[in-house]
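Just so it is clear, A, B, C and D label the chains in written order, and each chain counts residues from 1 on its own.
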Amino acid sequence: MAEIFYSQAIRDALREELLRDERVFLLGEDIAGYGGAFRITRGLVEEFGPERIRNTPISENSIVGVGVGAAMLGLRPVIEIMFMDFITLAIDQLFNHAAKFRFMFGEQVRLPMVIRTPGGGRRGYGPTHSQSLETLFISMPGIKIVAPATPHDAKGLLKSAIRDDNPVLFVENKTLYGMRGEVPDGDYTVPIGKASVLREGRDITLISYSQMVHECIKAADALAADGVFAEVIDVRSLNPLDMDTLCESVQKTGRVVIAEEGHRTGGVSAEIGFRLFESLHYYLDAPIKRVAAKDVPVPAAPVLEKYVLPDWTNVLQAAHEILAEN
Amino acid sequence: MAEIFYSQAIRDALREELLRDERVFLLGEDIAGYGGAFRITRGLVEEFGPERIRNTPISENSIVGVGVGAAMLGLRPVIEIMFMDFITLAIDQLFNHAAKFRFMFGEQVRLPMVIRTPGGGRRGYGPTHSQSLETLFISMPGIKIVAPATPHDAKGLLKSAIRDDNPVLFVENKTLYGMRGEVPDGDYTVPIGKASVLREGRDITLISYSQMVHECIKAADALAADGVFAEVIDVRSLNPLDMDTLCESVQKTGRVVIAEEGHRTGGVSAEIGFRLFESLHYYLDAPIKRVAAKDVPVPAAPVLEKYVLPDWTNVLQAAHEILAEN
Amino acid sequence: MSNDDGLELLSFYRRMLLIREFEQRLDRFFADGRIHGTTHSCTGQEATAVGACAALSASDYVTSNHRGHGHFIAKGGDPKRLMAELFGKATGVSGGRGGSQHVADLSIGFLGSNGITGGGLPIATGAALAIKIQKRDSVVLCFFGDGAANQGTFHESVNMAAIWKLPVIFFCENNLYAMSTPFACNFPIQNVCVRAAGYAMAGEVIDGNDFFAVRDAVSAAAGRVRAGNGPCLIEALTYRHCGHSKSDGCEYRTRDEEAAWRLNDPIANMKRRLLQTAAPAEIEQAEREAAGMIDEAVAFALQSPPPDTAGLEDSIWVS
Amino acid sequence: MSNDDGLELLSFYRRMLLIREFEQRLDRFFADGRIHGTTHSCTGQEATAVGACAALSASDYVTSNHRGHGHFIAKGGDPKRLMAELFGKATGVSGGRGGSQHVADLSIGFLGSNGITGGGLPIATGAALAIKIQKRDSVVLCFFGDGAANQGTFHESVNMAAIWKLPVIFFCENNLYAMSTPFACNFPIQNVCVRAAGYAMAGEVIDGNDFFAVRDAVSAAAGRVRAGNGPCLIEALTYRHCGHSKSDGCEYRTRDEEAAWRLNDPIANMKRRLLQTAAPAEIEQAEREAAGMIDEAVAFALQSPPPDTAGLEDSIWVS
């Protein structure tokens, strides 16, 4: 066990997979010498060379398309999209190509391809550099989605993603890069499609992923101080969703808050929430509440950004409202 | 009152708005002489000339960006994206530009812009020409979304969309183009943000939009034959959503099916359903069910396409399952 | 390749006929309503498909577009399975899931037709990158149309191929129209090739209705590209005899223009050339064989079972 | 424009200083942690911004990119409100919502900086289309970087501007790097301008650190463009003194290269030229004025109230 940064965990996973499988290579803007905007790939070009840590021009849609073509011929590209906001440029190659080729071509092709990209705000970067767009992907069959909240899961899930024979969107988070956490020594993976129960509780279930997991933990601490025991679940994989783990918890607690940093309307919470309502209607003691960003672009000014983005206080308030419903 | 085709209703709305406001112009691939792939704009270039019915090269992302720039200077572009599947190429200009400019630039700009595009399958066109991608837009604040089911609403909503000072996604449907319906003579509009109750009923509410509205009506007919009275609601606008009309109906019926042609996971139904569960939890006699496409690309082969896409029989089955609960 | 023995030429002639026959039968099936959906016929463009693929080997790759039946057959695809795909049968190239615009056959290096105009350009570039990384000596030939050349993917992909010196031939079938739009309305320049210099890339315009011109240009290009000189652009001027798709009456072009181009029919051109080396009987035999193979393809498609829906949802993932 | 009276030159000199001073103060505020987020400083590129805008009139338009503070000030934007925007205040150009990369001021024809590399190109093209449709004689100048020239939007937008002969000047600030990537790694060619011919467009490479070269090239271009000859491409060679953004140590370029470029400082160049016509006292006064205006801007920003959250959600729509 070593305690390392979330950013280091990602770098370690990339490095170990580059060593382990020569078919793996990295593709992205300024990822070589510079190490990418967040320096995640820093140092890798010195070890693996510019052929495997390949800088690209600024051409997001075609970068992804190049990954698709390379994967069709047996390579395992790991693409970095510098900010999740820029993935909007690559939606066609992702949705009409990467997501469809296997099914559409009668299962002839495998597309082992990972798209790494950091979402999230709280850095004052403004509307085009702060979005959480993962919800766009949950409605597109054919792309797996993971969004780790800890260094442990970041490393383990990235290894699973790179070893997976399907396209995987790997959602990182800017504010988590500097977070430390324990990581096992040596090789390990975290399975895609399994949620994790971070804290057991009987009174209410707090469901989230990525950075919001830590807001939920803060809220759970505050609730515990009042003698309310919240179960905190990190979904980790948004596609496939591990509904079994979620349902088990909700059957126990009967109360649910779902938290995400993306916009409230049309978010991941709507899908998770709908499934829980649908299958556990009769177990719920109160309606599920979702905590999410307000339905406006993420503003740059600190006071506005704080107002628009959800944090632990919103989770706590939602929990209190639910608990208030007898 | 005249009975005209859905396609004609759209053409009439375009023509009348082109006559009414010289700032309105059309932009798109092959929309002039050819009239677009579905011939919706046929004949307009002869009347308004190639400057106002402007053919573009095949460049979806920049076509939308050109619309944004023109709208900033006071024009009112109406853009045609030939198939909704191709809007994937224009997501950046739509989400990071059109949707954000007004808010992000401190409310200085107005972006009166309409994006017309046909979604939906059932034509055997295969995976990249049959998608219903409107759900991608509900999570992006700043773009209104309408999806008319009848010639009447198509004409009235398109006029409202063209007169609206915000970007509006106008979702057409390939299989509806050939549908006839009554349309008032002279100028009229249908307000954006208002659902319409097509049939009153007390036992169950069938909620949908666009082509699925007609599947719901078929299902309602079948239910009526068994003495079950379904209320059929056409949401018409997906953003803003008219929750008042939906809630009023559900408070009465206590049972709900939501139907859409898009994929089941992450669809519009999840958002509408979540809101109904959240606000009407205690009114619901049974969990809401959604009817949608299976979570795979829309296949070309008729037997497969039929299997993947939902129709009235699925709506009917969902209704029976709900009615069977206690 | 360079010295043309008669048998080989006959087989290319047969393949061009095969494509023509395939597309013409399809037209009838659509007309009869025996196939629904739509198709983009490539009649009149057989020399670009067969000529280009004649210059490639089995270990080379092709990416295609929406007008891809000819490309598929030219690269060695099985007309039976393509016909079955159009009939939506289980035995189709894509098991009936893809239809006309979405077929791939990796066993012959056919990396897919593509329903998204310009969608194949980055894929071809990525395949070429893989070849370079794997240190193999294959090349990728990317078929795209004049209309596709205005998509951002053209610019982005060609630039990457050029800076990385990838083994890819960008092969533009300039049939003078993108759907209904004449070349001159979509371009401020005379030829797509004018843009090659913007990527420090060789570019040439060739007669796309002359099998020999196409094959020779592509084999020369393939040699240069294989040698590591980076990508190149070939623009083959050609013309579709048919409309853009099923619903097209071709009001945007004149009957005279069509007639003029029909006089430059790639198949007639090939036949004229063949008559110098082959006996009329051999030629007629090739023609009969082509028709026969399409009869077989139709019979195969009709006999084939429809696809099974069982397990369809699970097949979205490789497990 | 052509005859340079001293006062006018002094005002352009002051404006260049204003930009330099603005960016340098910002750096300090970021260093002190008084502003958070990030910024892309344009120190060293003042002549492209001020020179280009000196050739435009108030009724002309500009689109900008992520490195847009200079463009904004050069087009006549208020440094006070820009500083307030960076401090996240209600009085900011965008009311604090946009921040460094997202400011527009329609009252001066500044159609917006842009956080999306290449995002401004179609917007400039659309604005130019509007001008043409409205039969006005304004022009649009589109600032973009060398890196942006590889986005698909460059290709798509320039092509549309060219076929429609729109009044837009595509002005590339080629500062030799896109973030950390040298020009030669992103391009197979020597200059972006090589691509102009692919759009039948005039293209010229100019010294971006010479105010006069920039202004004269843009006014000549604006004349041609206004006359309806269609778009053109100007590539101004320049260099950013600073890193790409706050977190950049510039390991990807040499200190020697930086030193060489500092000898070609656009502000020093302008001053040298000014000394021939203006008195040293006048020049020093301009320098004091610039510093004073930035002091004011800072004071204004500091005194300004934070934005109000009331009604924020409703402001998404025009009602």
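The rule is short, and it goes like this: a contact is a pair of C-beta atoms (placed from the backbone, for glycine too) under 8 Å apart; a residue touches a chain by one contact, two chains touch by 3 or more.
Since we're looking at a predicted model, the values are computed, not measured.
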item	value
Label of the chain whose CA centroid is most distant from the centroid of chain B	D
Interchain centroid distance [CA atoms averaged], chain C/chain D, Å	46
Centre distance in Å when chain A and chain B are each reduced to the mean of their C-alpha atoms	30
Euclidean distance of C-alpha centroids - chain B vs chain D, Å	40
For chain B, residues contacting two or more additional chains	57, 59, 61-62, 85-86, 89, 92, 96, 100, 103-104, 126-128, 141-142, 295-297, 299
In chain C, residues with contacts to at least two other chains	92, 94, 97-98, 102, 114-116, 150-153, 156, 159, 163, 185-187, 315-316
Category of the chain touch graph - line, ring, star, complete, other	complete
Chain B residues touching chain D - in the complex, by the definition given at the top	25, 51-52, 56-57, 59, 61-75, 77, 92-93, 96-97, 100-110, 141-142, 144, 164-166
Touching residues (chain side chain B, partner chain C) in the complex	29-30, 33-34, 37, 55, 57-59, 61-62, 85-86, 89, 123-129, 294-297, 299-304, 307-308
Sites on chain C touched by chain A in the complex	61, 63, 92-95, 97-98, 102-106, 111-112, 114-116, 119, 121-131, 133-134, 152-153, 156-157, 159-160, 163, 315-318
Touching residues (chain side chain D, partner chain A) in the complex	36-38, 85, 88-89, 92, 94, 96-102, 114-118, 147-148, 150-152, 178-181, 185-187, 247, 251-252, 306-307, 309, 312-313, 315-316
In the complex, chain A residues that touch chain B	61, 85-86, 88-89, 91-92, 94-96, 99-100, 103-104, 126-128, 135-136, 138-142, 239, 262-263, 265-271, 273-274, 277-279, 281, 284, 286-290, 295-297, 299
